[in-house]
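Below you'll find a set of structures to go through.
The following pair of complexes shares a single chain, chain A, combined with chain B in the former and chain C in the latter.
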Partner chain A sequence: MATNVQFALSDSSGCEGVTVVTISGELTSASIDEITAFFSSIVEDHPPYIIAEMSNVSSFSSSALGSFMGSRQRFVEREGDLVFAGLTLDLKSKLSLLGAHKIFQVFPDVRSALVAYTYEKKGHSQMVTLSFPSQLRYVPSIRQMISRIALQKGYSSRDAFRIETIVDEVCNNAVEHGAQSSEHNIDLSVGIDSKKIEIKVINLSNPEKIEALKELASTVSSEAVSDMANKRGRGLALIKMLSNDLTIDISNGGTSVHVVRRKGD
Partner chain B sequence: MESQIELEIEEIKGYSTARLVKFVGDLDATNVEFVLEKVVNLQNEGFVNIVADFKKLRYVNSTGLGVLLHFNKAAKEKSGSFKIANVNENVYEIIEIIGATSLLEIYDDLTEAIDSLAV
Partner chain C sequence: MSTTALRQTLTLCFPSDLGYIPAMRKFVADVLTAHNFSSRYIYRSEIIVDEVCHNAVMYGSKSIEAEIVLIMHLTEDTVEFFVQDEGGSARDVQQLKSAVEKPRLETMSPGDGKIGLEIVKMFAEELDFAVGEDNLTSVRIVRKRDISEAK
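What follows is the complex of A and B.
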């Protein structure tokens, strides 16, 4: 039986590996065969990451959803996925009630789905850079912002807390040991992808504190961190323990601290 | 903007030299001076036994941890104690990494911490 559901292949904005399908009409039990037939027709010769644009879908039955699940499995087997974009609030709510949100990723629009694809599947890093005056009072909001970004990017709350701590300690060290100059800010850059976060802080060195900082850095790299409780350098010790890689470059011109933390470690 | 922290100070029934201090918020480099002043004042006023409730302490960094170690040391010097209860797992991890779990008296809950004052 013919239904009013329609499928159309759309432009994937040049994103390699992605197929965008615009679907409109009513997805009911009567459209199961059409859904299966359409996805069967593209599974062999189209990129296997399918973004189903659904803003013109007016209804979505549980049986039609079952047909999407079956089709999705075929794309997953080809290292792809089938995700939804543009669902109305009603349909999104219905999918949640059916538990489908645990299976299908749902995005507000195609662009968001494409961004998620390039971030998660292609491993592209997203970068945040900012520059702030060398004063402690700026640090809390910065560390909390980076922590929230990590959460939004799929990092666990525990990971986000550790990232918050690393950013806090690196920035505090830059303020404490760097030059207090109104002309030279502290530069923070954070690169985040689905597997790791890289944090880099660069500040102008304070000539009077360079030797003390070098000593701290060498203490942290040579001693067991658990011995740091009663000593200076607890901040660097924390960074060392919470990160997978820590590089400190101290010179007369400036100090650069580079930290890598892998997701979930 | 500086981090927000509040200290709620309460009496502990039956212990005239003790005070319960509830930490609410984040303890970091921007507010350690405030916390230091409040707790040291309590210790100097004769409340040498401090029970710190961390139930609502979301965050602590190395500077905050340094202040906690200072309270512990000051309490010992006055023949008192500095006890901590209800530490969330993130904060506990920070204390543990630095190796301070063996230096600080940490209890699972408030009742346990207060009961230990009698020992």
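What follows is the complex of A and C.
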């Protein structure tokens, strides 16, 4: 029996590995065969990560959902997925009641689904940058923000706490040992992907502290963490202990601290 | 020396992705807490930031690489927010323009989709927007500290 459901392949914004399908109409028990037939027709010769754009779907029955689940399995077997985008609030809440949110990822729109795909599947890094005044009162807010981002991006609470500690230490150092200037902010950049987080903090160097800092940086790069515990620079020793890579670059112009921490290490 | 002259600026840039917004609104709240604004002021500012950033992600971002820039200028008694996005379709920009320019407290019909900006207007002393080169769109919101508010 023919129904009013329509399927159309749409532009995937040049995103390799993705097929965008726009679906419209009523997804009822009568449309099961059409859903299965459509996805069977694209499973072999289209990229297996399917974004189903559903903003023009007016109803979604549980039997139709079952058909989507069967189709999804075929894409998953090809290392892809089937996700939903643009569902109305009504349908989203209905799918949630059916428990579908445990199986299908749901995104507000196609662009959000593409962003998630490039992050999760392609391993693209996302960047957050912050320029802030050289004052200690901002550091707690910054450490918590980065921790929240790490948690949101799927890092464990243990990872998030360690990342938070690193950010706290590096930013505190930048404020305490950098030049105090109301005209020059401290620059923090955080690159996050599904495997690691990279933190970089750049501040204006304090001319009176440059030599001492250079000596400290060279100690950090040459000594084992256990040898540093009783000397100055315990904060840096802590950062070194919690990170997979620590690079410090000090010049008359500025001081840059670059830290890499891998997920789950 | 007047402390109102001391202006501090924080510039935050993050991917145009709804997942980042809770962390950003909490960050704004934490910064305002550090500046001793009242909890009511902070909560209202959080709502503003949430709403404007949400709009920027949903209607002001076209590419996968789109970013949102959030700038906060803080003085002793004023906070100025700038939220900049890469700009949406001509229709989205026009909708934003009419929502911003519409007189405050104009009768709203439920479900017309602009209630968020109405709330922003209600909480802010100033709200305006500009479309710059390359369609970059920025919304500016000014809030003043209410000295009568209990901390």
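Observations on the structure shown:
By definition in this document, the second predicted complex is superposed on the first by the 235 of 265 C-alpha atoms of A that agree within 3 Å, B and C clash if a C-alpha of one lies under 4 Å from a C-alpha of the other, contacts with A are read in each partner's own complex, and residues count from 1 in each chain.
As a convention for this text, a contact is a pair of C-beta atoms (placed from the backbone, for glycine too) under 8 Å apart; a residue touches a chain by one contact, two chains touch by 3 or more.
Only a predicted model underlies this, so the values are computations on that prediction, with no experimental measurement involved.
Of the two partner chains, neither chain B nor chain C is touched by A:219.
Contacts of A:61 after superposition on the shared chain: neither chain B nor chain C is touched.
Look at A:137: by the touch rule set out above, it reaches both chain B and chain C.
With both structures placed on the common chain, the touch criterion links A:168 to chain B but leaves chain C unconnected.
Of the two partner chains placed by the overlay, only chain C lies in contact with A:15; chain B stays clear of it.
When the two structures are aligned on the shared chain, A:256 is found in touch with neither chain B nor chain C. When the shared chain is aligned, chain C comes close enough to touch A:118, but chain B does not.
Residues 137, 140-141 of chain A contact both chain B in one complex and chain C in the other.
Across the interface of their complex, chain A is touched by residues 1-3, 26, 28-30, 59, 61-63, 65-66, 69, 89-90, 93-94, 97-100, 103 of chain B. On the chain A side of its complex with chain C, the touching residues are 13, 15, 108-109, 111-112, 114-116, 118, 126-133, 135, 137-138, 140-142, 144-145, 148-149, 152-153, 185. Partner chain B is touched in their complex by these residues of chain A: 136-137, 139-141, 158, 161-162, 164-165, 168-169, 172, 225-230, 234-235, 237-238, 241-242. Chain C contributes residues 8-20, 22-24, 26-27, 30-31, 33-35, 57-58, 61-64, 66-67 to its touches with chain A in the complex.
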